[in-house]
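Naming follows writing order (A, B, C, D, E and F), and every chain is counted from residue 1.
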Amino acid sequence: MALAELEILTDALNRMMDSCHNKCINPSYKEAELNKGESVCVDRCVAKFFEVNKKVGEKMQSMNNGGGAGGGAPRSF
Amino acid sequence: MALAELEILTDALNRMMDSCHNKCINPSYKEAELNKGESVCVDRCVAKFFEVNKKVGEKMQSMNNGGGAGGGAPRSF
Amino acid sequence: MALAELEILTDALNRMMDSCHNKCINPSYKEAELNKGESVCVDRCVAKFFEVNKKVGEKMQSMNNGGGAGGGAPRSF
Amino acid sequence: MDFSQYSPAEQAQLQRVIEKKQMTDFIKLYSGIVERCFNACCNDFTSKTLSSKEETCVTNCADKFLKHAERVGARFAEQNAEAMKDAQAGSR
Amino acid sequence: MDFSQYSPAEQAQLQRVIEKKQMTDFIKLYSGIVERCFNACCNDFTSKTLSSKEETCVTNCADKFLKHAERVGARFAEQNAEAMKDAQAGSR
Amino acid sequence: MDFSQYSPAEQAQLQRVIEKKQMTDFIKLYSGIVERCFNACCNDFTSKTLSSKEETCVTNCADKFLKHAERVGARFAEQNAEAMKDAQAGSR
């Protein structure tokens, strides 16, 4: 299942990249550098995305055990 | 061609899921249940999505026969 | 690497199709034909998309040579 | 779907492809929910931990999406069965 | 594309992969049109059948998207041919 | 990831699949940047060549996205390492 892990990882990373770009980066592109505010926002954004991933994983796990819909889900990426 | 069928089905189901969520579900997430209005909306949304699928299939079929662009398309999912 | 080329081409073509539709086509769908203005817009849109592709390719190439992140990128599609 | 026209070896191969597809579909459902609920619920990046309001929003969002997915799946199956019945009636 | 550097067995395998890709691409085009036209045309869920206005919108939308796709494809092929000619001239 | 439980033949096969995946991922990153920067920077279609303003925007956009991607990747790796350490500590 090494490949499944790799797919989960890259899928998550790609979505995180898009979401955090949309949340944190000014879309006018007047400069080529990440400024201080954007950099800090990106760091926090990644941390929060991980937390959301964990919460959703727990929810799907509990539904699975409780007899609801959905399969097993990884606790971490 | 069993696999092609399966791919058409899951591709359609995934897009339907996203579209009907966007059309029918209140994005404030104050509650975990689908309320009555949302449930009815989802049912109608799926029915309409099927109708649109049929119309688009007929259009692509007729273009195909008429010598226009595009290949054959399934009548139902 | 013929397959890689084919994948780059179709991926680019699909994204171009979506972007240029969003930029140029009136979404009210009152008629089935592309009108004059839409047609001209689509032609220019494709030309500009190609230019952007070239610019991004050069940027990734130079980063690659300069020791930054990212792999090689095709000069044209 | 009816696979009886295939040889046992082909059926085994098909089975493997289908299982791989189911795994990929599940991964996409899972990470799609994470993305959707993150985007809908998290808009404050003055902190790196979820506020209790964001946490409630994420839990409700995941819960609701799974219920929504179940309902769409059920309606989809019904409509699809009907469409296939119509198609068979039409081809007779 | 020129496949003459490959052995016949490799060419046959390549052919199968390309055919599979074409099928997948066609499925994505088809379901992408359904999704786009549904989203653009259907906004009233007080009924479960398409109104005549929605129906016209969907038919025009599918028609127009296919014409758009054809035009983009033609321009794409032209531009791509030109870019390859430039690349060859540059490498001489 | 640890592949030592696999046979050499399986490892070679795995290696090929991973390399294919890396290539596909790179293509998606590349064309994703083109799409994103085109959509953000090009809104005037009275001309078929990029204005100097659009050109600057595209160059900055690509530059910035790559830096953003690097930063997200670094944070991702840190968080993931931590989550795995927690998981191991929890299972002891």
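Simple rule for what comes next: a residue touches a chain if its C-beta (ideal position, glycine included) is under 8 Å from a C-beta of that chain, and two chains touch if they have at least 3 such contacts.
None of these values were measured; they are calculated from a predicted model.
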Set of chains whose contacts include both subunit E and subunit C: none
Smallest number of contact steps required from subunit B to reach subunit F: 3
Of all other chains, the one whose Cα centre sits farthest from subunit E: A
Mean-CA-position distance for subunit D and subunit A (Å): 18
Between subunit D and subunit C, distance of the C-alpha-averaged centres to the nearest whole Å: 30
Computed distance of Cα centres, subunit E from subunit D, in Å: 25
Residues of subunit E whose C-beta touches two or more other chains: 28, 37, 41, 58-59, 63, 69
Residues within subunit B bordering two or more other chains: 7, 18, 43, 47
Order in which chains appear around the ring, subunit B first, subunit E after it: B, E, C, F, A, D
Touch list for subunit B against partner subunit D, complex: 2-3, 5-7, 9-10, 13-14, 16-18, 20-21, 25, 27-34, 38-39, 42-43, 46-47, 50, 54, 75-77
Residue ranges of subunit D in contact with subunit A within the complex: 23-24, 26-31, 33-35, 37-39, 41-43, 45-50, 54-55, 58-59, 62-63, 66, 69-70
Touching residues (chain side subunit C, partner subunit F) in the complex: 4, 7-8, 11-12, 15, 19, 22-24, 40-41, 43-45, 47-49, 51-53, 55-57, 59-60, 63, 68-71, 73
Contacting residues of subunit F [partner subunit A, same complex]: 1, 3, 14, 17-18, 21, 25, 28, 36-37, 40-41, 56-61, 63-65, 67-69, 71-73, 75-76, 79-80, 83-84, 86-87
